[in-house]
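Two complexes, one shared chain (chain A), two partners (chain B, chain C).
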Partner chain A sequence: MTTDRTALAAGTAPPRTRRRRRLTARRIFAASVPYGLILPVVGAIAAILGYPLYRLVRLSTQHYGLFELIRHKGQSIGLHNYGLILHDPVFWHTLLRTVVFTVANVALTMVLGTLLALLLTRLSTWVRLLLTSGLVLVWSMPVVVAVQVWDWMTNFENGIVNYVLTQLGVGDYFHHDWYATAFSQLSMTTALIVWGALPFVVITIYAGLSQVPHELVEAARSDGARAWQVFRDVTFPIVKPVLLILTSLSIIWDFGVFTQPYLLIGQAKIVPSNYLMGIYLFEEGYLKSDFGRGAAISILMLLIVALLSVVYVRRMVKLGDVR
Partner chain B sequence: MSRTTRRRLRQSGWDLLGLAVFAVVVFPVYWMISTAFKRSDDIVSLTPTWLPFHPTLSNYRSAMRMPFFWVDVKNSLIIVSVTVAISMGLAFLAAVALAKYRFTGRKLFIVLMIGIQMLPAAGLIIPLYVVLARYHQVNTLTGVIVTYMTFVLPFSVWTLRGFIIGIPRELEEAAMVDGNTRLGAFLKILLPLIAPGLVATSVFAFITSWNEYIFARVLLNDQSKQTVTVWLSYFLGTSKHTDWGALMAGSTLTAIPVVVFFLLVQRRIAFGLTAGAVRG
Partner chain C sequence: MRLRVVVAAAITVVLGIAAASASATSSRHQASGITVWLQVDAQSGWPDVVAAATQQFQKDHPGVNVNVQYQSWPDHLQKFDATLAGGNSPDVIEMGNTEMTKYMAAGAFAALQKSSFENSGTWLKGLAASGTFGGKTYGVPYYAGSRLVTYRTDLFKKAGIAKVPASLAEYTADARKLLAHNTKKGFSPVYIAGEDWYVGMSFVFDYGGSIAKTYKGKWIGTLDTPRSLAGLAAFKRFFDAASRASKTTLETRPNPYDVYAQGQAASMVGPGWFSCCVGKFKAQTAQFVMPSHTKGQPMPGFLGGSDLAVPAPSSNKSLAADWVKDFTDTTSEKALQAKGNIPNATNLLGTSINERAAARSWFVPTAKHWVDVENGNILRNMLAQILTGKLTIKQAASSAGDNIASVLNQA
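Right after this comes the complex of A and B.
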């Protein structure tokens, strides 16, 4: 730009200036190409997600029930909804239950996932291929289908789980009802979630393990390191980034889980004493048509998940930037 | 005992453990399929029949005869194909921008695409329901399609970007030398190279939309408008006597398209979420 202006002031030949200007126009066009390319997605996201999220914030400060839904107009009540929730023991109990539930699920998923991935490295090729195919098959099962299968297997009348446990001599599980207490219901949900999550975790960790140089492990072994020491000092540091990402993903997924507990426990048996956050929100906000309060719960939940996501998103953004 | 024998024994030990894990992990899938082929006497008997000795298709017949099965399959197909078609078109353009251009705001856009995928669906049902109700899109397939795009779009942008990055820059430059603009070169010469990536991403988007439950459950209350997952979740209904055979047949039918597609593209997509982590 500065050169342009000096050139003009000095009264240099006009053709050159014209050429420059044309170049600039072209440059502006070139610079705007990426924006044009992302515009459709940005526009769509703004309309289908941005606007609803903006409405969500406003909804949370309104009394908004069925009547308001029909009129499309809520009554502003300030922060009353938040006050209601934060003074509701059900909210705090649900939050605590969800945190414990998430920790249990993630810990089980990650520990079992790591062990199975390590097992994969020890297997003969044909067994490994068989097990990986099995895992991929499980991975592909739709959640709703998995819930129905679980329901059938743990059915109290003729579920296979009761039969097998009784036959194995674990105890008398004849007509044992797995959905009698909140703890038992949530444990069944955990079993279902961990089973569904394992394939992704195992296969990803296994891929990470294959990056561990074989010579390094051999060297450690010949130096007399035990299996556990080899894992702690050689293998673990190399797969740590993978484990970190998988753990944060699992935390985010398990904290916001809805379909598995909702369908497995069953609408009829869902009560405040077995609420998880997603279900709490669905029951109190949607089913009771108390959209204002539901919106406030949603915002609290989204904020918690946003905090949990920071680690994961930051890591992924770094990768997206480099490549 | 010689050293080789001991090593062989240990290897067999690990392999046995691997086989046991395989049996446990795959059992639920096996149990679903085998139940779907059993006669109802064998299904309800107190001593389970491990194999379908008297295979029958009657469970599949009764599942397909259940009210709304075919209607809901049709709904699912419509929702999924429209969602995928629109999303791929939009996402492809954005993925090109991310993979091939540096621009201010690029990072923000990436954060948006990754961050949105982390939002729990449950947290979004209230705002989406209220906004769609405002525009009379509750209980319509359009409303669900729009909703599904909220998660299919970011996922597709991110995955397609990975495929586009994989194309060597030299190819693109060679095309540009032939007098094409950058974008022109890209579309004409490189689009065919990305076709497999487009297919894989579409298939994965198909799977996630087909499997989706909570939005469909909230937004569609009319049984003739529901998707196949909601149909399956209502299968047990209120009847006292559960027809497990038909339920398992229905489950198998719901799972088949997903399983087939998933097995086809798993290798290409599965690592999308963590690809960078494994490499870097």
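Right after this comes the complex of A and C.
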């Protein structure tokens, strides 16, 4: 992490060694220009992020149901919503399930993404172009369309996946229900999410890999390092910042995921035993028209994701220090 | 100094625009039109009836646009909630009869003058009750629908079935015959989705059971009473004998009529309008009333239905009510009847098979939180547990019953 350190140091202002000068109007003005210039951005962020967040926090301390929604006026009840949620066993089960789900999704995304990116560096130009275009096509497909296509492919009555697996002799997949149990429902969702997340991860890691100097790899090889050692000791440290960012982003996306499970599993098949946090929030907040509780759940989710990310980022940075 | 002034002015302008656009969206209401939310059933089944009502409406109100937007059952309430919060709710909304109470209790709808609607004196009792709260009318009955068996006459004949079954036992025997004559893999003599709770509960009611009852002011689940359990057991037996549908899927995924249209089913249980969408088998398709386990009687079917309501925030309430009048008058209701629906008033009732099926029907518990039971998929989950054998019938039923009671007894 030494490179990062120097970059950080270069970014901070050099220590002031000159003697104190008199304050003049001109100087005050000069000093305030940067603040003036940044003010619109601060204002915009406060308006589009800060204010909604404030409203969300306020909503989470209110009893706000359908009755209050129509009158646009909630009823303040302090932290009662939080108490209800933290005493709800469904919340804890859902949290555990979502953490496992997130770990599985992020791990699969990152491992497959890294492998595909490494593969990309070894392909001939036109095969690489072919693979990259494939990835971009996946990336450009809207989630809702993708869910529909997956749903068709894995349809109980005449899904193409069932047909192909049966024809290949893998087993009898005729009338196989891919969404029969909570585990299979969430596994299908994982497959869809990882598939959809790969292009961004692969292309970004591939870009990161192009920063690895050839000489270093060759030097390591001529010193007798094997492929795995080259990756671990040369490639990985250089692309680590990229992996760090991608993993954090993936955690944030996968922990709060809603569209894929909601559409793929389908509202009429969603029950507490297959809830993910995003779904739990939707069921408690929207379906039951208890918007205050929904707001409280989303605040809790925000805190949990922040916690997960901080723990992870700290670990990764520490790991770098040792090296 | 000038620069700061410029910056300050720029910020003011930016914030001003933001504020202006925020206030502009909340007052976006045009008097030149009304927005109507109907369910997709109307779009696929009777778009011409909708168009005719709108035409009639525009004769009386020239220049008023009617923007009909079709919604789907699973998510129309969330969309509606969002519009209530945003202040841009539709002027007319179709509500399922099981969905009305929660919204009427919250004051989401405008009270309507009952007598101004045609045939309001003879509205179907069950439907009229679902649109009444505290003595006021908030929902105008739109139509009711009973559930029927839609079947392939050619396949029944080929299997040597001379007349439609008069009892559940006969229907089960027929299913075996049909299966023997149609050996194609995955073929269903009677297509029923495993989680189709409308069919499942019909068996429960047929055996004298029920879903929940009030006792001393509290709801208690009654799915684990001996009669309800007998009904659930009969459902499992019939399903195992007759349906090759997934035990863990719903009646919309896939649509039963799509399976039927592909030649993969000899019959299916569902709303009467299922006969609309049978593809190339139109000429070989007929319907009968689902038979009870008691010979000669119909099995009680779910009496579904819809009401039309005018949301309270609408700024065109009288125009909205006028459109509802045109859409529920005798002409429109007769047209709906011709499409296989049950009209909203007793004086319009005919002797069609639908209307005969409606003679024995069941309805969900009339509780404010019933809609949460439906949305929570408690009954669907129970049926899947029973059919897959994950739980015994008794275990699944008593756990579902407890769940239902706790949802219905919420404050």
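Definition applied: the second predicted complex is superposed on the first by the 253 of 323 C-alpha atoms of A that agree within 3 Å, B and C clash if a C-alpha of one lies under 4 Å from a C-alpha of the other, contacts with A are read in each partner's own complex, and residues count from 1 in each chain.
The definition used in the following text is that a contact is a pair of C-beta atoms (placed from the backbone, for glycine too) under 8 Å apart; a residue touches a chain by one contact, two chains touch by 3 or more.
Bear in mind that the values here come from a model prediction, so they are computed numbers and not experimental data.
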Touching partner for A:155 - first (chain B), second (chain C), both, neither: both
A:65 touches, of chain B and chain C: first, second, both or neither? second
Touched partner set for A:286, first chain B, second chain C, both or neither: both
First (chain B), second (chain C), both or neither touched by A:85: neither
Partner, of chain C and chain B, that touches more residues belonging to chain A: B
First (chain B), second (chain C), both or neither touched by A:177: second
Which superposed partner A:271 touches (first chain B, second chain C, both, neither): second
Partner chain in contact with A:40 - chain B first, chain C second, else both or neither: both
Chain B versus chain C as contact partner of A:31, first or second or both or neither: first
Chain A residues contacted in one complex by chain B, in the other by chain C: 33, 37, 40, 44, 69, 72, 155, 157-158, 286
For the chain B and chain A complex, residues of the former touching the latter: 11, 14-15, 17-19, 21-22, 25-26, 28-29, 31-32, 35, 43-48, 89-91, 93-94, 96-98, 101, 103, 105-107, 109-112, 114-116, 118-131, 133-134, 146-147, 149-150, 153-154, 157, 161, 165, 182-183, 207, 210-211, 213-214, 218, 229, 232-233, 235-236, 242, 244, 247-248, 250-252, 254-255, 258-259, 262-263, 266, 270-271, 273-274, 276-278, 280
Residues of chain A touching chain C in the complex: 29, 32-33, 36-37, 39-40, 43-44, 47, 65-67, 69-72, 155-158, 174-175, 177, 179-181, 266-271, 283, 286-289
Complex contacts: residues of chain A adjacent to chain B: 30-31, 33-35, 37-38, 40-42, 44-45, 48-49, 51-53, 55-56, 59, 64, 69, 72, 116, 119-120, 122-124, 127-128, 130-131, 134-153, 155, 157-158, 160, 163, 195, 198-200, 203-204, 207-208, 211, 241-242, 244-246, 249, 252, 255-259, 262-263, 277-279, 281-282, 285-286, 291, 294-295, 298, 301-302, 305-306, 309, 312-313, 315-317, 319-323
Chain A partner contacts - residues on chain C that touch it in the complex: 1, 3-4, 7, 10-11, 14-15, 18, 74-75, 77-78, 81, 84-85, 102-103, 105-108, 185-186, 195, 244-250, 252-254, 259, 262, 264, 312-313, 372, 375-378, 380-381, 388
